[in-house]
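We just call them A, B, C and D in the order they show up, numbering each chain from 1.
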């Protein structure tokens, strides 16, 4: 075996190792790299210290950075979310973990009336470098532990709202969020947090070093010519599966991962939809008064009335997530429901 | 003077008296009539008892119905909003007042994870007849006391969301809300609460007896043929003023008062827009991820792409409400901003 | 021959344990999804509270609610069927194990920590204003005692002297977070003074002690003397939820807790020391186990909800009276 | 010749009163919109806290924040200009009177009751972890003491023994709601025990007493002994906000409070009894009044924000560093 071969082998091993990394380990790595760079970063949340997070996204951080910088909080979200505001005002850069996004109803106050508005209310004099890290999405946990709610945060001015779909983006966007001087709501998906790198269809590979990705740029994750499908978070994987299925039926689907809801990259979606003439927005959040209408209408506003042949949206049809899997499958967009909707669109005018 | 004349005079006096009623007195009257009908109604909120509400919308109720049915609460919204859920489960019909809608961040939990979802989570076995009564809107009170937020409630399934614009509708919709077995978010507008009946351009007259209006039906408050303008709450008055101004310029504007955001009466708006070809949605809530996109897109979905010549939306442009009036006037839709937008549409294709 | 008080307590604990063991079995058979929180190790609290609860009383519980539901008299078939997400469940499979609602017994729960007490407050006000003698019980864990909802509900209940009992199941852990590390006081009960309320502290592994304390608390509240905090210390024998890797405590520690503080073992020893016939106790255990086994088999035969009905029950018009 | 401690306290109270009287004047001239909450009657608290505050300390206040801002050393010209919504104001007219933010003096406020203490908690943690000797002061009214945020912030600060002082301005009213009707305890200070914290109760109309108590509290917190609740009882001389019809209390009652509990009148009497020269005190009063009058005139000449800039400062890229 030649020397270069051995080197390649070692590189491959390393890549293989990294492909075996659970997504939470990738996230913990991103946070650790930033905490090393910047001593102002402080993490506060339930079970993020000794336990390393209920999904493991902060594993190892407390051992490494101590109990003052990685703080196990009591169940007092109003208290420690407001604490984040105070930490930011004191010159720190807090990462506040709200374990599940569903719990936001006890602490939205500090998020939307304080963190999100203080930069404006202070006339730009007070920055709010806070990351609100939280997990959303359906994994069979019923109405109070299954929501996405990015549409809610997006409606309230002052937040950036990020929801990545693959390990590479989680790492780069978490770093970007921690370096941002604005409050960022960073929404992970519970189903993705249960996966390893190699389980991801798209961009499973993650460099070991620190890097950032710009917040607000969508990615075309599969090119196609018949229908434009825009979505984000765990649904990207379902969309890719559905697109593959439709390819077998002769329908070419372009899949766009929005990556963030605020800022929303309308330009990338509009450019694609202008080509395909058909736009499907798929959203695991609730259908009405949320992402799907805003994005669809922004694309229509950008392209003009009549520019598109069809638009459609597939989202949770304004119903709490039911406990029974038989019902959950009927209301949460999955590959089968997406494929069905794409098929209907392809058949349409 | 003949007998019929005297009777007419007396009726006119009565009507004139009632036109002098402040809107809050009309609301208090609606609640009182329902409380008389139904001993299960209990009101809980800050300053609703001895003070009769900070705007007077519960004036006289505590004297009349006692301190158990009209309860002055401490500043503990999470506590007494949840109390509403428990009261409903115990067979009562609570009216819970959140003084200003902006405070919802401390108690949204009980509203959206409990009240709004329990009917569904219980498989229809537990009803939630709760009215969440609150005041929204801009009257110069800056970022934490000026919001509307109906888009936020509308995104979360399980609520009905009502925001009336005139005394007649306030009375009828409050009665309907109190008789509804579903949770209703009833959003008053602070500017309207400072008015008397005769200050209203539309439907200032209110019968003395109890009546209900159906929740979910929009009203065409001014007919027109060139542009359809849909809005609600205090903005209806501004829209009517703008429509009058435009009439002088030869542009005929149809003004629709939506009256509720959930259910949203798309049919009435679509029928009108199909005739005029132009739809303007005006919203005092934030622009993005809210009412304006949802309604516009629903109309487009109903009529088909290309059916409308123009759509436009005018809303608070995703910015916290600034304190300075010079800035507030630039971001909150008022008659001048609406007229300007209508003019631009009338000139367009 | 009917059970003695002691036998009833013993049977109740065994029934509760058998119930949660049936849930574990159902989980293994993939009949339950989402996080399942069982109460193994905390049976003495559920069994101890059952006696003093009247049908008209209300109980508002947490994510770890099975024993409280059983104590309140919720039909265990309907409860298990709901946990197994069946159409025939308490909530037609819509609620699942964290969200059982039973208007017939005034029982409900929530998956949001601290959110139970404000709901109990609502029941308490309704009972008081209607002049009824019912009591509302709000359950929380030690973790929930730090929430704002705990404070706000206590403030309101105490100022109005409402018939509310707050049952704090202090198992010393909120998932991984130790009570001793985040609580400013040694007990939750001592915080009752801040509300001018009564606080009781009891060993929650001793069913007799729990039954006594809980009865005292209920009587106090029922008599119009205002709210009571009953703190029952106990131990959580399993992970926070099924599947919890429990990286935050050594396996040996868990075993030690099971060995030392099993409320059933402890009670059995007391009954035997008092002369109870071991065979009779074995019979009770076997009966309860067999009953739950049969019940689970029955439940697993029940239908799943029909996907075509997924949108029903959001609003009243969708739910026939 | 510089002021004595007593004269300084007297002057501070007069400066505060003159400040809020200037606000009332500005309101009459329609230079302020929205609800204005003044602190008339509560000057002894603001003046009493000023002495023990160091530049590095933080204060997080409420809707009734002017005196706390002045006590913390916020530039009064910028503050008044902000209250009058001018581009030259502390926050360029975006914040208004309920939302002043001054990173230079570590002062901020919120219009949401109870929301101030969690923010103070954040400062306290930052100070402690950085090994600084600064203290974070969270201000709340009696009404705010019933909020969940109060409890959660106290739990966390006490468990970690953070340098936090909670100043409760107990004016016995939350808008119309009487403290005695909704509080389960006679005082807020006595609830400190529920957090293993120190509680101090002081007559908030006596500036000397407030200065002493507040200094004690600050020293306790600064020395790493954990949080302190300082409850200062006082009276609100005006409506909750300007324009409040105050239907909930008789006019005579308001007058009685003004006559009996004006902290300035009371202090003046004490100083005079101690031999102070009435003319010197008059001079102080006149100076402060004149200064504020001049300042208001100046502020009212300042520009309003430019509507073209209404969308700026939402995000960092819109706000130059």
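Note that a residue touches a chain if its C-beta (ideal position, glycine included) is under 8 Å from a C-beta of that chain, and two chains touch if they have at least 3 such contacts.
Nothing here was measured: the structure is a model prediction, and the numbers come from that model.
In a view that ignores chain A, the other chains are joined by touching into one piece. Between chain C and chain D, the centres computed from C-alpha atoms are 45 Å apart. Inter-chain spacing, taken between the CA centroids of chain A and chain C, is 36 Å. One simple way to say how far apart two chains are is to compare their mean CA positions; for chain B and chain C this gives 41 Å. For chain C, the set of residues that touch two or more other chains comprises 91, 93-95, 99, 110-112, 115, 146-149, 151-152, 155-156, 159, 181-183, 314.
Multi-chain contact residues of chain B (touching two or more other chains): 73-74, 76, 78-79, 102-103, 105-106, 109-110, 113, 120-121, 142-144, 157-158, 318-320, 322-323. Taken as a contact graph, the chains are fully connected, with every chain touching every other chain.
Interface residues of chain C facing chain D in the complex, by the touch rule stated above, are 146-152, 154-156, 158-159, 181-185, 190-191, 193-197. Residues 58, 60, 89-95, 99, 101-103, 106, 108, 110-112, 115, 117-129, 136, 148-149, 151-153, 155-156, 159, 312-316, 318-320 of chain D touch chain A in their complex. For chain B in complex with chain C, the residues that touch the partner chain are 42, 68-69, 71, 73-74, 76-92, 94, 106, 109-110, 113-114, 118-127, 157-158, 160, 180-182.
Taken together, the chain B residues at the contact with chain A in this complex read 78, 102-113, 116-117, 120-121, 142-144, 151-152, 154-158, 261-262, 286, 288-291, 293-294, 296-298, 300-301, 305-306, 308-311, 318-320, 322-323. Contact residues on chain B toward chain D in their complex (touch as defined above): 46-47, 50-52, 54, 72-76, 78-79, 102-103, 105-106, 139-145, 317-320, 322-327, 329-331.
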